[in-house]
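Shared between the two complexes below is subunit A, which pairs with subunit B and subunit C, respectively.
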Partner chain A sequence: MGKLFAVVVIVITVISAYFVVVHRWWMPETITAIGARVDHQLNETMLEAGILFVLSQIILGVFAWRFGDTSTPRKIKHFPGGAMPLVIAGIAIVGLEILALSFVGSKVWADMYFVPAPADSLHVDVQAEQFAFYFRYPGPDGQFGSIHPEKINDGNGNYFGLDPANDVSARDDIIVGSLTVPVNKPVLLTLHSKDMIHNFYVPELRLQQDIVPGIEIPVHFTATKTGKFEIVCTQLCGLGHYNMRAYLEVVSQDQYDQWLKSQSQ
Partner chain B sequence: MKTKYFAALALLVAVSSALVVLAAPPAGNGSITGKVTYTGTPPKMKPIDMSKEPSCAKQHASPVMTQNVETGPGNTLEDVVVYISAGAPETSAPSQAVRYDQKGCQYLPHVLAMEANQPLEIYNDDQTSHNIHPLAKTNQEWNKSQPPGTPPIQAKYEKPEFIPVKCNIHPWMHGYFVVLNTSHYSVTGNDGSFSIKDLPAGKYTVTAWQEQYGTQTQDVTLGAGESKSVSFSFKALPY
Partner chain C sequence: MDNAQAAPAVHHLAPPEGFIRKYVFSLDHKVIGLQYYGLALVAVFIGMVLSWLMRVHLGWPTLGIPLLDKLSPNGAPGGVITPEYYLSLMTMHGTIMVFFVLTNAPFAGFGNYFLPIQIGAEDMAFPRFNMMSFWTTFVAFLVLIAAFFVADGPPIAGWTSYAPLSAIGKDGGPGQALGQTLWAASIAIFCIGQLLGSLNFIATTLDLRTKGMTLARMPLSTWAWFITACIGLLAFAVLLPACILLILDKTAGTSFFIPGGLVVSDNLQPHSGGSPLLWQHLFWFFGHPEVYIAILPAIGIISHILPTFIRKPLLGGTRVLAGCMLGIAFLSYMVWGHHMFLSGMNPFSALLFSVPTLIITIPATVATLMWIGSLYGAKIRFTTPALFCLGFISVFISGGISGFFLAQPSIDVYLHATYFVVAHFHFVMAVAAIFAIFGGTYFWAPKMFGRMMNETLGKWHFWLTFIGVYAIFMPMHYLGLAGNVRRYSAFTDDYLIPLIPVHKFITIAALLTGAAQFIFFANLFYSRFWGPKASDNPWEATTLEWDTTSPPPFDNFGGRHLTVLNAPYEYNVDGTKGDYIMQTSPEKAVERT
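And now, the complex of A and B:
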């Protein structure tokens, strides 16, 4: 029985390691410069955690093979070399590895979240609600109208709660259901939620951020490839969560200018 | 034998028609017709982006617009409910159900008028799930999920109320149930016209209700068989 267990453990280890090594189920190709660094970090983590995983499973297998089939059941009184050094070595190796990964990874993380968006960023407001995303561009005047939550009315398309009657800068705000941005241009999003915690996740941007009601959360990215990508909510937010999505369209600057012009008419 | 059967049938038909006549309210042949218009500048309706629901988006060649103020040629207003709010002869609710459709991720019609206690049937004609949520305050509030291909939802409202309707899945979907305690009502079409028929002589209050602009009333006195024209005009603001 012990030998069979040892074989099964090793076989499962080898198969699961194989799928990770060949990137059988991997994320779609990234479209940002920082995405490549996120992938690099993820690969490092997978490699280091993977080595430890494989090693520990092999040790488990060896022990099961060697001590599993004792005909008379008895306690193993002594590990080879004693248990204490093994436990201490295990904790030290895993602890050091986690610290090292966090230290190296925090640089990438900080570059995404702690470095402010470049000054020339395109600013887009995001409103998440059950179960859709809405995007607001400041319009020709370059100014966002102020937000009045009590004026939110989905029925007349006022998803952000603008007050165009009294607020001139709100009148030309462009509100759409898809995020269109020019390629190679830094984009600064301010995330809002109308009702509950949602999430803004674009796998290709390697950007995933919770959206919390009452908090304005800034995130920024620069897409380096054109195309149409899915924006999904990854916080279970209710009945229609499965259907809460929008599209990110990365287009050339010319196409973007045309699109913006057509929207502000 | 056959003759006997026909005689019985004829008798049955005669009796039941007599009963119907007896039960019917005192119907008149007067009518109130007219037009609902606006003055000023109405707000610009906004296009609705349905790209997240491709099965609905592909049903519309051009984007669907918001419908809180629907205007027609000649400054007319559509989907205004004009009804007799006072003085109408009492009627019992018709057993004929009114139909409400969810099609192309829109409510059809945008404004559905019905009489209190009249059966209401809500259909999902789409390839996606809807969750209809009429925001009733006077009546019992409920919301129900309706996956594609499921039978219509049967409902009924007991008290008169203007009920905004929304879909809990598609935030842009918006409509109104207008529950009235009279069968004498009319919803304006694109030309803004309405026609309330079968009115006996009497003194009536006619109310026009528009979802954004609220209500306006006018008093009308009808002689027997008389037809009168009444017009309503709402003041529209761009914002």
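And now, the complex of A and C:
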């Protein structure tokens, strides 16, 4: 029975590790510099945690194979050196791993959240609602109109609650259903929600942030590759949650300028 | 401690007469333990069926499920599950499993039955509180199940019930009016039951230990139940008021969790000044310790069973393992924010919560090393409970490893809210705890029912379950790495469509593994009534529960007052005759703990 257990555990371990090693199902290629560092951190963790996983499962299997109760009498043996060396080894190995991962990982996190967006960033306002995202560009005047929740009305397309009759800066705001940004240009998003907690997740950006009603949350990124990527909601926001998404289109500066021009008319 | 040395009081209650006092409103901790266990069995069956329905829907979203439209004509017209009904099933699955299975069975169930016996007491410290704690829990279960039968259906906000979705009422979606209120009421009632139970466990452990039962001589399962009770007392005391505030937001127009200016379904909500993050802090201040309320009894049960079947004490003795459990319990209160890295709270706090989260892996790793190291040079008897112990170690490692990833905010930013998280907590909390429940059941059934369970069926049950859970949950890691978001009722996003075959595989594995559980149900039911009679100590174990008849008499030891002379796990001690020494045996054993 011990041998069977050993075989089953080791086969499960090998199969589990195989699909990770060959990247059969894996992260999509990242399109930001910080994303590459997230991947690096994840790969480092995968290597260290993977070795611990495979080793411990194999040792578990080998011990089960080796130390079954057989009919031939033998004395039980204790682990060489007793518990102390194992306790110390456990604390040391895991402790060092934690220290190493924390130091490097904290730097990645800090660069993501504590470094402010560059001054020349493109500002886009994001409004999340059940079950859509809307994006607002400031228009030619470079100013966002102010938000009035009581004016929010999906029926007439006033997703942000603007008041163009009284608010000059609101009149030229561009409101669209997908996020178009120029490549290699820093983008600063201000995330709002008008109803529930939603989330702005673009796997390729390695960026995920809850959008909380009542709080304005800034996030910024610089996409370095052009293409069309999905923006998905990852915070349960109601019955249509599974269908709440939009697209991020990263285009060349020229295409972006043309697109902006076509939207302003 | 002085109290431990005092002789236990004579049982102050006479054995009950009549069916109601004996089996329904019983004051006997053994009956109450079985009541909790029975409730957990009913709950786990319902929870499993709900997971089947979800899995079938995820693999084959348009497939009509027979009879489901009878149960819920609105939720599943023609048997096809609607997106909102999927969320209802998910919410109820999570709530039932976490509260009524993972808390009830390993802690309240086995704990009630065996904690007093393992310390040589005749009952719990407060038998009436004990009865009240079960019946309160039972009412909580009925209130939760009632949500299936109200007009707008069960809630859809998930077992975490994040505000404002949970607080806003009917504008939030189907199930968010009465269904969600029933959910909050059920959990609030559940908290009262657990608070009473926790107090009882603590008082019993501290005051009712028999002569010679020092803290160091307590079995590891008793240690685990005691520590869990301490966690529970602090954790449920926070969730209870949180649920009351949620109910007030929903019914009394308060705004604890709802900010101003919300526009839901084009209605400006009449709330202002609340904070959605407040709910998350309160919930997870309970919620993370809750994870340990599920897993610490499991760790204790496994550490208690393992020595019996490897015929040697655990490496490091009870001291290292109890130390690990205390360390985990202590740290469990400093890590709740790791559920909230991306919640919008100050990103500085993410770093602060990350460090203790990673540090928890140290006591968990040490415990695992002690279990594996103990196997070295052992004489393992591969009974069903022993197999579930080995299986537990394997799944605990698998689930723990993925914690390394999620504890780091810089990786969580990618993996948060994906199936990687689902895989992680199912392995480390759900499957691991369930394996301990199975191990505990096969191990203690002879004591509880006086009859042995069938070993052949038990082993089939183990192999199918062990392979099955890996087939279900290991691929979920791959889904998470591919960015597959959880809590989606269908995968319409372009990048998720290629992952649907993996979901189909998982669904088939889940159906088969679930079906294998009927072997367990059948074995338990058959053995309970017709299994071969069990001797007092069929596993040749050492602790006090094996020092009485199977099942034990009303006062546990038939009027005997035991004196404990030995450490709990004295197997294969040099210079002694047999290969084990009971805790009460006068044969001299070297105190090794």
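The rule is simple: the second predicted complex is superposed on the first by the 249 of 265 C-alpha atoms of A that agree within 3 Å, B and C clash if a C-alpha of one lies under 4 Å from a C-alpha of the other, contacts with A are read in each partner's own complex, and residues count from 1 in each chain.
Note that a contact is a pair of C-beta atoms (placed from the backbone, for glycine too) under 8 Å apart; a residue touches a chain by one contact, two chains touch by 3 or more.
The structure displayed is predicted, hence computed values, not measured ones.
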item	value
Room on subunit A for both subunit B and subunit C (clash or fit)	fit
Partner chain in contact with A:V8 - subunit B first, subunit C second, else both or neither	second
Which of subunit B and subunit C A:F63 touches, first, second, both or neither	second
Angle at the Cα centre of subunit A, taken between the Cα centres of subunit B and subunit C once the superposition is applied, in steps of 10 degrees	90
Which superposed partner A:I175 touches (first subunit B, second subunit C, both, neither)	first
Partner chain in contact with A:L101 - subunit B first, subunit C second, else both or neither	second
Subunit B versus subunit C as contact partner of A:A165, first or second or both or neither	first
Which of subunit B and subunit C A:P213 touches, first, second, both or neither	second
Partner chain(s) touched by A:G155 [first = subunit B, second = subunit C, both, neither]	both
Chain touching more of subunit A, residue-wise (subunit B, subunit C)	C
Distance in angstrom between the closest Cα atoms of subunit C and subunit B, superposition on A	7
Shared contact residues on subunit A - subunit B and subunit C	129-130, 154-155, 238-240, 243, 245
Contact footprint of subunit B on subunit A as seen in their complex	129-133, 154-157, 159, 164-165, 171, 175-178, 238-240, 243-247
Parts of subunit A lying in touch with subunit C, wherever the complex brings them together	1-2, 5, 8-9, 12, 15-16, 19-20, 24-28, 37-38, 41-42, 45-46, 48-50, 52-53, 56-57, 59-60, 63-64, 67-70, 74-79, 82-83, 86-87, 89-91, 93-95, 97-98, 101-102, 105-106, 108-110, 112-114, 129-130, 149-150, 152-155, 161, 194-197, 199, 201, 203, 206-215, 217, 230, 232-243, 245
Subunit A contact footprint on subunit C (complex, rising order)	82-84, 87, 156-158, 162, 164-165, 168, 172-174, 259-266, 268, 274-277, 310-312, 315-317, 320, 342-344, 347-348, 350-351, 354-355, 358-359, 361-362, 365-366, 368-370, 372-382, 387, 390, 393-394, 397-398, 401-402, 404-405, 408-411, 413-414, 416-418, 459, 463, 466-467, 470, 474-475, 477-479, 481-483, 485-495, 499, 502, 571-572
Interfacial residue positions of subunit B with respect to subunit A in the complex	43, 46, 48-53, 66, 68, 128-129, 131, 145, 164, 166, 168-172, 174, 211-212, 237, 239
